[in-house]
Structure formats: C-alpha cells, structure tokens
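There are two complexes below, and they share chain A, which is joined by chain B in the first and by chain C in the second.
== the complex of A and B ==
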C-alpha cells in the first residue's frame, strides 16, 4: 500500500466491513481476499499498460473521497437534462441513492411472473449469484484487478434473474444518484436464462462530488437477448469507474450503448466473452466532453468459440481541455473460426487543447476470420463548414449540424428508437451549452 | 526407388537453411561475460579516444540499473548476458591493399552470399562495406565516394578520422539511456557503418553493408550512423544472413539517422538471420533500435524492411519529425514461419508543422509463428496540420499461427488528420483454386499471392533488393502449406 486513497479504502473496509451484506457467509472470506489483493496492488496508475492513459491513483489521491454516508431527508435530483431524460419511458424503476437502494423512489411492483428482481443482499446465498461474483474473465488482465475493490466494498445493488422463456414487459430503469459527496460501491447481477429478453436503462446522476464504483456482471444463456443503454451524467468533480462483464452462450445477443457527458474522470470497462456459437455482441458508445473532462473506454471482446460476431464503435467530440481515451481489444482464440470482429473509434477535436489517445488492438490466433479495426482523429472539415455557410447557415449552426451528424452514426446503434431520440436531444443540448 | 530417394534428398535440401554455413576463421575474442573491463577491452582494441570510453562506461553503468523490457509479445528463455562474448574480430594483422590479400575463406563466404565484392560485381554500382563479425575487412568504391565528399567507412575508422562528426551526432538520436538494448549497445558496440553526405550532394550510388554473425556465441552490436547534410540524398541498403547455429545469438544493433534541411535518407533492410530449427531452437534474437531524426525542414526519412529471419524480432524503426514539412515513411513486410516470433512496427513522432507520415505494414504468419505489429503515431501540441495514414494488414496461413495488431494513436492537436486501418484475413480458397487450376503448384501459388499482398512494400525497395526480396518471400514460406 503506497498511496493515500488505497489506504482509505482499506480503512473503510476495516471499519465497515462487518456491516456489509454477506457477513458470516462465503462472501466474507471472499471480501477479505479481495481487499488483500487490492491493497497489495494498490490503485492502478499509468505505468500499468492497461491504464496507460488514465491515472486513477492520482485522481483518487487528489479527490480523497470518504465513504458516502446514508442520505438523510428528501432526495433532490440535479437540474440537468440527463436527470429527466428517461422520464418519458414507461419502465420498472430502481433508484439507488449514494449507492444504497431507495425504496420510496423505486417502483418494482407488478413484475411479470418468472422475473425475479431483488437487492444484492437478498440473493447472496444463491448459487448463481455466487458464481457471477466469483467469475473472473481473464486472470492475466490487469484492468480486471480493480474489480477486487468493488468485491470488497460492494454495499448494495440490483440482482435480476429471468426464468426460461420469459420476456420482461417493459424496460428496467436503474437510477444511481450521488446525493452526498463520497465513494459508493455497487454491484449489479443479471442472469437471463434461455430464450429470455430484457432491456435495462441506466442513469448515473450526481449533485455532489462522488466516486461511483459500479460493477455489472451479466450472464446470458442460449438465445437470451439483453439490450442495455447507459447515460452517464455526473458532476465535473466526480469520478466514475464502471466495469461490465458479460458471458454469452450460443445465439445470445447483447447490445450495450453508453452515452457519456458527465464526470471529471470516468473509466468504463467492458469485458465480453463468447461461450457459445452464433452469439453477437455490440458494445458501442458516444461521448461529448469539455473543460478538463477525461473519459477512458477500455473494452475487451474475447471470441473464445467459433462463429460469433462482435461490433465495437465509439465516437466522441472533445472540447476545451478534454481528453478522450479508447483502448479496445478483440481476441480471437485458436479454433474460433468464422469470427467476425469489428472495432472502430473516431474522435473530433473541437479545441486546441483537447487530446485523444487510441489503442485499438487485435489479437488473432485463428485463420478463417474477418477482423478489422479503424481509428480516426481530426477536426471538423473546413470544406464542410464552408459548404454549409455558402448555403446561408451560420457558422455555429453549421458546426452543430456537423457534430451531431458525426455522433449520430454511433447513436444509431443504441437500442430502442425512443432512447436514440433522447440521446440525440441530450447531445444537441450539450452543444447548446457549449455555444452559450 | 531412385525417384523416391531424389525426392527425399530434395526435401532435405529445402529443409536446410539456405545460408547456413560456417566459416572457420581464428578470431580474437574479448573474455567471456560483460564487465567494465570488457568495455575497456573493446575500447582499447579500437584505439578509441577517452571521451568515447567514458561515453561507453556511462552507458554500461546505466545499463546495470536497467531491466529487460517484457512488454513485447514474445517469449524466450531468460538471456544470460554474462554467458556471451562481446567482441570478436577476424585476425587480420596487416593492412590490405587489394582483394588478393583478403583471407580466401572470407572471400568464399561472401561469394556464397553473393556480395558484389569482385570486379564484375562492382559494375552493379554497389559500394560494399562488408562487416564480417565485427571488423570491416575491405571497403570498395571509396575513392569514387570521396570525390563527391561522401564519407562511408566503418565506425571505428570514423572515430579516428572524423571524431568531431562522431562526437556531435553519436547518441543524438538514440541516447545512451534510451532502452535496455540500446544502452547495452552503447556500452559494447564494436562495429558498424558511418555515412556522411555533405551539403547538396546526391550520393552517386546505393550504399550497402552486409552484416554477418560468424563467431560462435558472439552477440553482434552494430552501431550505424548516417548523417545527411542540407539538401543531400542517400539510399542505404542493409542485408543480413547468418550461419546455422544451436545457441541463441543476441543481436542488439542501433541505427541512427540524421536528416538536416531538405535532406532525404532512404534506408532499406532485408533481414534474413537464422530463424532456428523446426522447434525454434537456435535462432537469432534480433533486438534492434532504429531511429531517424528529421531534424531539418522539408527533410524526409523512409524505412523499408523485409523481415523474414530471426527467432525473435523486436524492432521499431522510428521517425522523429522535428523539422517543419518533414516526412516519415515506414514500409514493412514481416514474414514469420515455424516458431518465429515477430514484434515489430514503427513510431512516428510528429513535432513540427505540416509533417506527414505514412505506415504500410504487411504481416504474414505461417506455421506456429506469432506476428505482432506495434506502432505509435503521436502528434504534439505544436504540430499543426499533421497528416498520417496507417495501414496494417495481416495474412494468416494455417490455423496454428497468430497475428496481432497494437496501434497507439495519441493526438494533442485538432488540426491533425490521422487514419488507421487494419485487416486480418487468410489466403482465399478462390485465389488458390484459380492459380492451381492454371497449373501452378500450391506453394508457388501461395508465394505468388503473398507477393501480391506485399506489393506496396516491395515496390519501395531499390532494384537490387526487390528481386532478392521477392525470392525470399517465397523461400520463407516453404513448407507452410499442404
């Protein structure tokens, strides 16, 4: 342990560990191992290849988050477009305030039969939950080590299990609000059994400087379909650290899309592994950042079996001194023939001081595959602006049109027409703020 | 039966490494291992001035504090740096006036390699500075080059005759502290080429050097320095072949290029070190640091490489685009077969305004080999209007090999336009079928298709190399299909 922030997490574990869910069970031992492993490695820093462009240690040392307290009194949502973005969508709703479930704001009545929705603490004795929590995608992957921090300190979260053949009638909307300053650790578990279907919407909102450490573990059985849209819109002094891990059985489908607008520093990790043939995963996103915002996407798609397809596309615009990072990797294991893996990252730099770092990797051990990746970085085309202006469109409007058109290619990949509309509006609003 | 025996013999011939012969020449070695004394020994052998000895010793002391890099996607047993000889020179007691005086065995070796040392081959217009193990034996075309003021000589000679140039430029592109292998090289480098092209001179011929590792257990530590003064042009060719061997051989060269205003350097390599046997045993470890510095405005540096040999290749020829409007190019073919491991690529560091770079990399993996492209394109804050295009394509032959692409793209200036594309595929059955139904054998068809795949890069090679390289592509893939 060689930094303040690591020490503060260890202290948090020592003082509050016994009060965390799962005390006295298998999880208590697992937590003890996890905090030990975490303390030994410390928070990640830039000398680790997987964290080459993001210094989490430095950021957390500087921010010095204390554990988030339990919120007292009424919860006031921040007055942002993002806070009400999904309001028009009819959904089952789960609200977490400072990382703790808030029953009063949630609405999870009238779930279809076969849909089991619980708090994390209620499912810890179940085998499927244990399997998901203990699952590690790749022992050798540095980036996955940070999950130990979450395992040690996770206090609450959502556990969704859908029984065979059942379809979730309307989307499940998860709202995470930082009503007070501090660090929270949340764990979500999702198991979709054979032939099921579900949509999950996530909103991450904040009024206070907070660290949101969220791990979502997903398992999709054969023919299961999960559509997932996430909106990240926390305050500029917040840190967002999220990891999504998903295993897909044969013919399962995962469509995950993230729109990132908020946070001073955010790191979104996606680990996808194919375990059955004919599955498809699409992990995409768009981001619009300004000022000193820093956003790092780290994604690994592991084609461990033949005949699967994957798609990764991240597009973003960077203004002010914002910094974008994309680190992606497509792995095609030996014998994973007939794989089709696509990876694309594109960024527009709108200001002199913005910067972008990209590292789209391919690691291929099979020959009958199609893999391609691409990366572009540049500014708005002067010709395009000139063209629009020559048609009488003012400069600012021309820029807005071009930026929206640029991001739209990614937003098109988000699930549900309604969500796409909402995301377009948010991006358009973001640009309005920039102009004013 | 006769036919069968003939086939067996032919196959046997093919299996053998074509250039795997060993020349028995008594050599003068430094003691086994590496200490300050080894460094002093080498320096004394070369009769070097004090400043260079100090420079070497500083590098050596720093090297002791460094650890071997492990980030490359290659694996090999740990190297015992104390179990190698760091200097070996063929025994040549007297200065030579003509070719006749050269050890005939040495000449025989060159003959087998086809180095154009003889009169007849001189007509090809190639000046050869032949490096045999570590000491230059003979240098041709010197006078012709001297006429226009070009200095082309072994590094040790340059240290004696042009110390001011060496002192000014040595280590100015690859500093002694650069990386583990470059630092090691700085401490123990024994030979290499020195090229100086004066202002406004267009070098009248292609310059070439043949590096060969000959002495058993001797790592070779070449140091090449090429300086192109304002408005000059030079094309430098480097080619390598090494005799068959059981022990791994360490090769840690450093190449530094300096291009001043309006100068252009074209550096071409055909690398064909011994790749090891079927199990990957005994091949050369090639850990090379090559870097070019486009120091002046409108300068240009172009790297072209054909990598077919070595058990392990760890090589990233780079360009620092410092001068405004300067241009860097990297064209590469990396072929791996058997159990070869290649981790190669380039770095384009854009510092100046309007700098452009182009990267074309073709990786071909066959057998059980692993082939990685690792490249960096970096645009600094003050580099306006940078343009980069990167294309790296991989071709997989067989299902036991692997191909990886690890590009790093870092931009701190919005006016930069960077593009990166990569694809991975195998030889299409349709193409193969088409060739075969026209009566072309399978191996030949593969060679043909691969040559087509590599065309963009082969075209960049000077004539002399292009022909050889095309043959090499075919030879390297022998036994990879069927």
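== the complex of A and C ==
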C-alpha cells in the first residue's frame, strides 16, 4: 500500500466490517481476498499499460473521498438535464441514493411473472449470483484491478434475473443519485435466461462531489437480448468508474450505449466475452466534454468462439482542455472463425487545448475473419462552416449543427427511438451551454 | 444594387484581383467570363466573405451597405447568395433541416417571423417541385450521395427558397450534362425578376444559351478587360480568351 487513497479504502473496509452484505457467508472470504489484492497493487496509475492515459491514483489521492453517508431527510433529485432525461419513459424504477437503495423513490411493483428484481443483498445466498460474482475473480486482467475494490466494498446494487422465455414488459430504469459527497460502491447483477428480453436504462446524476464505483456483471443465455442505455451526468468534481462485464451465449444479443456528459474524471470499462456461436454485441457511446473533464473508455471484446459479430463505436466532442481516451481491443481466438469485429473511435476537437488519445487494437489468431478498426481525430471543417454561414446560418448555429451531425452517427446506435431523441436533445443542450 | 470600385484582393498573400470595377442594377443579369485563374471564383468568394480572401484596396457597396463590415451569415441575410461550383457534402444534416435552419435564421436576422414546420414544409415542396427535387432528396443528408445534377438543383432550390437580392452563380454549369443544365437554367430563369440581380460566372458560353445575360464581362488576370452585350459571349466562343492576354484555355 503506497498511497493515501488506497489506504483510505482499506480503512473503509475495516470500518464497515460486518455491516457489508454477505457477512458470514462465502462472500466474506472473497471480500477479504479482494481487499488484500487491491491493497497490494494499490490504485492504478499511468505506469500500467491498461491505465496509460488516466492516473486514477493521483486523482483519488487529491479528491480524498470518504465513504458516502446514508442520506438524511428527503431526497431532492437534482434539476439537471440528466434528471429529467428519461422521465418521460414509462419504466420500472430503482433509485439508489448515495449508493443505497431508496424504496420510497423506487417503483418495482407490478413486475411480470418470471422477472425477479432484488437488491444485491437479497440474492447473495443464491447460486446464480455467487457464480456471476465469482466467475472472473481468478482471471481478471490489469484493468479489472479496480473491480477488486468493488468486490471488497460493494454495499448495494440491483440484481435482475429473468426466467426462461419471459420478456420484461417495459424498461427497467436505474437511477443513481449522489445526494451527499463521498464514495459509493455498487454491484449490479443481470442474468437473462434463454430466450428472454429486457431493456435497462441507467442514469447517473450528480448533486455532490462523489465517487461512483459501479460494476455490472451480465450473463446472457442463448437467444437472450439485453438493450442498455446509460447516461452519465454527474458533477464536475465527481469521479465515475464503471465496469460492465458481459458473457454472451449462442445467439444472444447485447446492445449497450452510453452518453457521457458529466464528471471531472470518468472511466468506462467494457469487457465482452462470446461463449456461444452466432451472438452479437454492440457497445457504443458518445461523449461531449469541456473544461478539464477527462473521460477514458476501455474496451475488450473477446471472440472466443466462431461466428459472432461485435461493434464498438465511440464518438466524442472535446472543448476547453478536455481529454478523451479510447483504448479498445478486439481479440479473435484461434477457433473463432467467421468473426466480424468492428471498432471505431472518432473525436472532434473544438479547442486547441483539448486532446484525444486513441489506441484501438486487434489481436487476431484466426484466419477466416472480418475485422476492421479505425481512429480519427479532427476539427470542424472550415469549408462546411463557411457553406452553412453563406446561407445565413450564424456561426454558433453552424457549429452546433455540425457537432450534432458528428455525434448523431453514434447516437443512432442507441437502443429505442425515444432514447435517441433524448440523447440528441441533451447534446444539443450541452452545445447551448458552450455558446452562452 | 452592387457597385464595385477598384477592387484588389489577395489570397495566400498573392494578389488575384487587380482593380475590378463593376456596376450591377436590380433586374440585370451579368455574365463574367474568363479563363482559369483569371479571378472569377475569387470575386465570388470576396462577395460572400470567405475567410482568407483579403481585400487590400477599393470598395464594394451592396444595397448601399459595405459587405466588408458584415459577417458571412449577415451578408446572406442581407441578400447575397453564392451558388457554389462544388456544393459541400454535409453528412448528418438533412437537407430539410438545413433549409429550415437557413431560412429561419435569415428571417430572424431581418426581424421577420420564423416559419413553423407546417408552413415551411408547404413552401419547400412548392419550390422543390419544378426543380425535380424529391422528398427523398430532402430527407437525405445535404448533398451527400447527390449526383452532380442533384447538387446544382439543390443549390437552385436554396436560392429559390431564400429569395436573395443578388445571386452569384459560380460555374453552375460545371459537371452537368445538357438535360441537367436545362433544368438548372430553367430554375434560375424562373428567379429572374426586376428586384433581383444575378452574376453568372462561367468559363464556357454554353450556359449563356440558357441563361441569357444582359451584360457580358471578360475577366483576365484580375481585371475586367472587356464589357459588351450577350453577343460578346458568342464572339469569345469563336476566338477564345487568347485575344485578352490569357493563355489559350
């Protein structure tokens, strides 16, 4: 242990002790192992290849987040763009305040038969939850070191299991609100059994300076479909760490899209693994950042079996001194013939001080595959701006149109027309703030 | 409408326009002909206000105002329209959105009421029909995947919708086959009016068979070297530009 922030998490673990869910169960030993492993490695820093562009250790040392307290009194949802974003969509709703489930704000009555929705603590004795949590613990890669921290300290979260053949009638909306300053550690578990279908919306909203550490473990059985749209809109003094790990069985489908507008520092990690043939995963996103915001996308798509398709596209706009990072890898294992893997990152720099680091990689061990990756970093075209202005469109409006058009190619990939509309409006609003 | 006096302009530090004088009254169509590199496109970009086109001497008055003191979009709202030789492709912005944004921006700049979606749609369909601009084209991204003819028709549609006082058509005939040329020329002719002036810039006489000018100017090496009636264009077709100090083109 060699830094303050790592030490403070270890102290938090020792202080929490038996208050964490699963005390006295199989999880207690796992937590003890996890905190040990985490303490040994310490928080990640830039000398690690997987963290080359993001110094999490330094950022958390500086921010010094204490554990988030239980919120006292009424919860007032922040009146931000993000808070109202998904409000118009009819959904089952789970609200977490400071990382703790809030029953009063949630609405999870009237679930269809065969849909089991619980808090994390309530499923820890179930075999499926244990399997999902434990599966990757012994084979995690460098980027997943921070998952050890989550395993040690995870205090709450959502657990969704859908029984074979059942379709979730309307989206499940997860709302995470930081009502008070501090760190929270959340674990979500999703098991979609054979032939099931579900949509999950996720909003992360800021009120106070917070560290949101979220790990979502997903298992899709054969023919299961999960659509996922996430909005990250926390305050500029907040840190957001999220890891999504999904395993897809044969013909399963995952469509995940994230719009990132908030946080001073955020990192979104996606680990997709194909375990059955004919599956498809699309993990995409858009971001619009300014000032000193820093956003790092880290993605690994592992084609371990033949005949699967994957798509990753992240498009972002960076203004001010904002920094974007994309590290992505598509792995095609020796047996994974007929793989189609695509990966693209594109960034538009609106200021001279904004920057982008992109490192897309392909690691291919099979010969009969189609893979493509690309990376571009550019500025708005002066010719295009002149053309629009020559028709009477003022400069700011011309730029707004071009920025929206640029991001729209990614937003088109978000699930549900309504979500796409909401995301377009949010980005348009974001641009408006720049002009004012 | 437009008075240009002794206009000198530089591009990339090189003087391209070397003293242009031009008077265009409302209702007139002037053709500016000349070989490649004579400064035709430079003149059009100077009028539209493109960045990098620096006026070093002389004056321009447009409807009594000095365009040099106006931004690109202000000039457009005041009535200057440049039909591009190579209209830009703008991926992700539909033609419809673009047209509505442009029209309403101009109306707003002039203190006029903006058009709502219904009134706009009616207007744009009415203007699009004679130009064979289909609903499908309007829904597509601006100029993306348009053929050469479609691009030029889209330019004329913009002109027809925005109703500028001064239309500058830069090599509108380039890349067009004869049928496309006729459609575009008909569209332009329909916009001729006593309140509107046009500058038709072209290398070839062919376009002027269809858009018949009142006055023809020959531009060579940054200066207008000859001015005449429409018969001057025919003469040029026969003799070429060599007689005007230009290399044979």
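We take it that the second predicted complex is superposed on the first by the 433 of 436 C-alpha atoms of A that agree within 3 Å, B and C clash if a C-alpha of one lies under 4 Å from a C-alpha of the other, contacts with A are read in each partner's own complex, and residues count from 1 in each chain.
Definition applied: a residue touches a chain if its C-beta (ideal position, glycine included) is under 8 Å from a C-beta of that chain, and two chains touch if they have at least 3 such contacts.
Quick caveat, the model's predicted, so the values are computed rather than measured.
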item: When chain B and chain C are modelled together on chain A, clash or fit; value: fit
item: First (chain B), second (chain C), both or neither touched by A:384; value: second
item: First, second, both or neither for A:375, with chain B first and chain C second; value: first
item: First (chain B), second (chain C), both or neither touched by A:349; value: first
item: Chain B or chain C, by number of chain A residues touched; value: B
item: Partner chain(s) touched by A:112 [first = chain B, second = chain C, both, neither]; value: neither
item: Touched partner set for A:49, first chain B, second chain C, both or neither; value: first
item: Partner chain(s) touched by A:408 [first = chain B, second = chain C, both, neither]; value: second
item: Partner chain(s) touched by A:362 [first = chain B, second = chain C, both, neither]; value: first
item: Least C-alpha distance (whole Å) that remains between chain C and chain B when both complexes are overlaid; value: 15
item: Touching residues on chain A, where the partner in the complex is chain C; value: 381-384, 386-395, 397-398, 401-402, 404-406, 408-409
item: Chain A to chain B touching residues, read off their complex; value: 49, 334-335, 337, 347, 349-379
item: Residue ranges of chain C in contact with chain A within the complex; value: 48-51, 71-73, 75-77, 81-82, 84, 87-88, 90-93, 97-98, 101-103, 105-106, 109, 141, 158, 162
item: Footprint of chain A on chain B - complex, ascending; value: 71, 381, 394, 396-426
